[in-house]
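What follows is a single structure, and I will ask about it in a moment.
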Amino acid sequence: MRPSSRRPDQLREVRLTRQYTCHAEGSVLVEFGHTKVLCTASVEESVPPFLRGRGEGWVTAEYGMLPRSTHSRMSREAAKGKQSGRTQEIQRLIGRSLRAVVDLKALGERQITIDCDVLQADGGTRTASITGACVALHDALQGLVASGKLAASPLKDWVAAVSVGMFEGQAVLDLDYPEDSACDTDMNVVMTGSGGFVEVQGTAEGAPFARQELDALLELAGKGIGQLVLLQKAAVAA
Amino acid sequence: MRPSSRRPDQLREVRLTRQYTCHAEGSVLVEFGHTKVLCTASVEESVPPFLRGRGEGWVTAEYGMLPRSTHSRMSREAAKGKQSGRTQEIQRLIGRSLRAVVDLKALGERQITIDCDVLQADGGTRTASITGACVALHDALQGLVASGKLAASPLKDWVAAVSVGMFEGQAVLDLDYPEDSACDTDMNVVMTGSGGFVEVQGTAEGAPFARQELDALLELAGKGIGQLVLLQKAAVAA
Amino acid sequence: MRPSSRRPDQLREVRLTRQYTCHAEGSVLVEFGHTKVLCTASVEESVPPFLRGRGEGWVTAEYGMLPRSTHSRMSREAAKGKQSGRTQEIQRLIGRSLRAVVDLKALGERQITIDCDVLQADGGTRTASITGACVALHDALQGLVASGKLAASPLKDWVAAVSVGMFEGQAVLDLDYPEDSACDTDMNVVMTGSGGFVEVQGTAEGAPFARQELDALLELAGKGIGQLVLLQKAAVAA
Amino acid sequence: MRPSSRRPDQLREVRLTRQYTCHAEGSVLVEFGHTKVLCTASVEESVPPFLRGRGEGWVTAEYGMLPRSTHSRMSREAAKGKQSGRTQEIQRLIGRSLRAVVDLKALGERQITIDCDVLQADGGTRTASITGACVALHDALQGLVASGKLAASPLKDWVAAVSVGMFEGQAVLDLDYPEDSACDTDMNVVMTGSGGFVEVQGTAEGAPFARQELDALLELAGKGIGQLVLLQKAAVAA
Amino acid sequence: MRPSSRRPDQLREVRLTRQYTCHAEGSVLVEFGHTKVLCTASVEESVPPFLRGRGEGWVTAEYGMLPRSTHSRMSREAAKGKQSGRTQEIQRLIGRSLRAVVDLKALGERQITIDCDVLQADGGTRTASITGACVALHDALQGLVASGKLAASPLKDWVAAVSVGMFEGQAVLDLDYPEDSACDTDMNVVMTGSGGFVEVQGTAEGAPFARQELDALLELAGKGIGQLVLLQKAAVAA
Amino acid sequence: MRPSSRRPDQLREVRLTRQYTCHAEGSVLVEFGHTKVLCTASVEESVPPFLRGRGEGWVTAEYGMLPRSTHSRMSREAAKGKQSGRTQEIQRLIGRSLRAVVDLKALGERQITIDCDVLQADGGTRTASITGACVALHDALQGLVASGKLAASPLKDWVAAVSVGMFEGQAVLDLDYPEDSACDTDMNVVMTGSGGFVEVQGTAEGAPFARQELDALLELAGKGIGQLVLLQKAAVAA
């Protein structure tokens, strides 16, 4: 029995609320159980200097946690004057994951910035961020189509992410914070709607893990991501 | 007729939602119309070095805006590596306003940090922050009483804030963003539940203002704050 | 009897020494009793990026304290690598106050930077800064007229500032450091030569203050600023 | 035929030169072909604050590239005033990888800091760093045994790392820079001497990758790491 | 004829005004012609961590230029968030020069911080700083004697500094800004009252300089410093 | 007998290894005994903004120490977020020294950046850096000639540097770390191949030094630099 009492292959309750705030071109509150992340997509009609003149677009991401999104208060990165290594690692991962499903040529010379801000954290903030960000990005791109700036959306596929881990010898899906602390191996998997891998990041928290465990985790992640993509599709169909 | 179509002395719809997030000792989403600020109160059982050993507590505040809380995306202060002058000015104001209604001796050697993070901005984020923060602070202090750490709450009074301004020669209450841009004089007023002034900050945006205008603005602010305090009391009674 | 033995409505001895240093287009040492601030005005024939091409000018201010301008040595902000919130708040106030009396259109696309550096501090450094800075600005603008770059000075009025506070139930004018520490309410008031308010910033240091006290303080500030403007006029006539 | 003309499962020439510099407790120059990284291990007889009093040790890593280790000069991070996200990501990876093979309890309250500084870069700097760092760490731990501070080395196993990628549909081992640029999928794998996985980080550079490709890459990485561990053992036996 | 019309061996008019500001334990305005530097000495009854428990004191210096001390406005280091290399080089030089004439053992575990802030610059700010700082240090040390904290002043000798340079083939003393720009070789020399060298820093601005020129410059510097030390002695006798 | 057992006028064993790394236009490992510095020269076909449009080139230098180049580990400047005053002082010295022997007009609008990174430190890192940097610069300039970008090398002369000091009353050449700590006076001298002085920086570590000592030190430095220039010439002839 896992700490959350969920079945090994059971996701937390996942909700995707679109138009959560009013100014951004895409704005989605994503909830994986108690984890809540606000994902906004902002369109800018220019690209960073290193891409200028190539006729290509760019998608990038920034990530932050509100100071009291966590059990005990974390210090505010803006007050400390720098982003932690963890923050930078996560925002680089979100950016790469989203770029994997966007046709940057078709986007044209514009940049979309995804901001993922964690309002409440209970494990899996990076995987929730990717899953919610893809919907915010979808909405921003549809807005460019609706306004006639693009003929078709350059979103090539859906992308979603989930964490998996080994708990007492069994592979379990979508770890909340207490489970994450209790697991031996933690893996974050990012996949497309058509089942291709975009990122696989597995870390042995305690003992090194065996190939067989890796296989079980990847299997389970694939199932979970399949469900997440269905939820993404349902959200935009609503 | 003011841009918002409200009467000169009419507040926007104000909502105070308690327990908006689950980890903080006090957590309030305050809405003044489209302006939405998440205010959390975090209790720490120690005080900053300059107060150690005096048997007194401290209340401080930090303020931030999510990058896309505004019409066009603002750059993230954590990424830029410093907080703007405006941010620092606002968080100092919030901290002073709250300390004015707390008996710091009675609080004992503990610190309460209030985080005010703007999810959506439409003018008046600092006044909404103070109004919501006071409720979050109330809840955190009640928690200390409930857990037996304090015999009684050291909250001496309520404190709330509102902006007022001169629009086409008339004093108007609680400016939203379009009104704020159109007003000649902008004043932020912080008052206690018993009607004392805590802060008065008036700025001539265009022409200097006359004593008579100042009087009209203060009058109006007093009425608005009276209503806000009623809403604070109703919120905690709920 | 106030700590300084001055009458409640008595300013400290105020001196404005022009051409205190030789390189700046305007250079004024302002003294309010023991408080001494060097205010320089520097003209630059371009404006910051956000104003380019609009045919308008800009006036901005920076503020600093020499490390040993105070009773005990403060650490140097350049060595710490950032300006405090207090510093930023003061320099924003000085800049706004001066812009209130300059016709920025008439100034043309040039920027005037006012530097206010405190050589010796004894309370009221921000109000002394504004009062001295206006004279330095006047001199720099006259220089532009004298050199034929402007047909007439774009200075529309004088601007000066003073602090007031409640000491043992009585409103007193122009607080020095010991008085500032002993007062219940502290207010900084910025007014033009023709008596309009530019900024009113009142803070309850201890108990909240009443409307009646606010009125008494504003009254007193108005009188003090009237005298300061006469001193400004006398200084430039000399 | 891969760009380097190597067989798909062929490592570059790997060299491990111990005692490359004279001050550090462990100092290894690791070369993977043209990639050259200086790895030093520094022992400190105390631990960071978060571990004090627990009787446990700590192993951490820092990573840097000399400005002209690369084809065109990179700006110096010390001059820019911050480490890039990539730098932080890599040094966190190196630290985690090494901690996976150290018995931190047995190390006692001391910290070992591994510095990996890239003298010349040609792809695979992070995998070379891990491989060389483990030897430097070995030597520093042996030094503690030799000096009588530890009864036995707390190094539980070897750890080494290699990159693998898909080049024109085939899995290839140990990518140099031109190959890294030409590959579709890039994976860094960290494994122990006994064949357990410590880290698996795969990224789709272009199209998402399939499970089958992932399997082929993991297979190849396992072989390569086996050879690297033999080279580590040979180096310390010399 | 040198640009300043002075004789080759003629100092600018030098003035040392003690007690220029009121809070510091030593406060001297030093003027070398138009160069004006405020030097304050602040006594602190503790030493930096690296010296604690050794029974020795420390003397350190900080240097800054007011933004408009120069012909065109320099940006403020506190606003830029870092001190320039030049600033750090100068403050290290001032600190070393003063420590050369203080018996740090006799000073006991206290630190004296010298702040040298340039109010107006016309060449030679570092040499004027050292010359004025020594008088401020003298006064602060006398204060410790007067208050009974020290039995005798730990000042072992005077220290003063001057610049010399080659102008049109002739060695000239105490360069002002136009001369500094026109000279081929610039040398700053720091000497004690008894004629020993503390620092010699010569730089070829254009062509390398010959041993013969170096000798002429050192000769001239020695004469100038002799006069400066007389002025220091006269200042404290006044 | 000096601590190193060398004769007073004896240099350590000096080695200059060219093409030490493969990417830079000039790359030299310079060794002065155990002091090892990697000097690279990077050519960029543009100049910094302050020189644009003047048809002149620029030579600049950056300096760093690997964290464990020293006896005990130093903290990494990139991690601390700023370069120390010592680092900045050294890199400014290296840049000035090299510019003294380059015809910047003849270089044309391009910049050469010299990076001096200390792999192992045993005293004299700045003098070794200058000596090695000149050879790296030579090679980079020859490369511009070889590629037809310049008709002739703009290197006007060689430049080399050495430290000298007074040890037990005798002038000694090329101090290693233990000698540097034991010496009373430390002087760094930079001279050209034709014997002109570029920089002379002498510091009294303990007692002030006399003119006679200065003369002995300069004499010795001149001899040492003569030998270093021969080694530079031999290195490029090889």
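Each chain gets a letter, A, B, C, D, E and F, in the order it is written, and its residues are counted from 1.
In the analysis below, a residue touches a chain if its C-beta (ideal position, glycine included) is under 8 Å from a C-beta of that chain, and two chains touch if they have at least 3 such contacts.
Quick caveat, the model's predicted, so the values are computed rather than measured.
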> Chain by chain, through touching neighbours only, how many steps does the shortest route from chain C to chain F take?
Replying inline: 2
>> Keeping to the contact definition above, tell me which chains border both chain A and chain F.
In response: D
> If every chain is reduced to the average of its C-alpha atoms, which one ends up farthest from chain A?
Replying inline: E
> Between A-D, E-F or A-B, which shows the same interface as C-E, counting it as a repeat when over half of the contact pairs match?
Replying inline: A-B
>> Using mean CA coordinates as chain centres, what's the gap between chain B and chain D in Å?
In response: 51
>> With centres defined as the mean C-alpha position, give me the chain D-chain F separation in Å.
In response: 33
> Approximately how many whole Å separate the CA-defined centres of chain B and chain C?
Replying inline: 28
> Could you say which residues in chain E touch two or more other chains, in rising order?
Replying inline: 81-82
> Starting from chain A and stepping next to chain D, in what order do the chains sit around the ring?
Replying inline: A, D, F, E, C, B
>> Going by the contact rule set out above, which residues of chain F touch chain D in the complex?
In response: 21-24, 27, 34, 36, 38, 40, 42, 44, 62, 64, 66-73, 76-79, 81-83, 87, 113, 115, 117, 119-121
>> If we count contacts the way the header does, which residues on chain A are in touch with chain D in the complex?
In response: 82, 85-86, 88-89, 91-92, 96, 100, 187, 191-192, 194, 196-204, 207-211, 214, 218
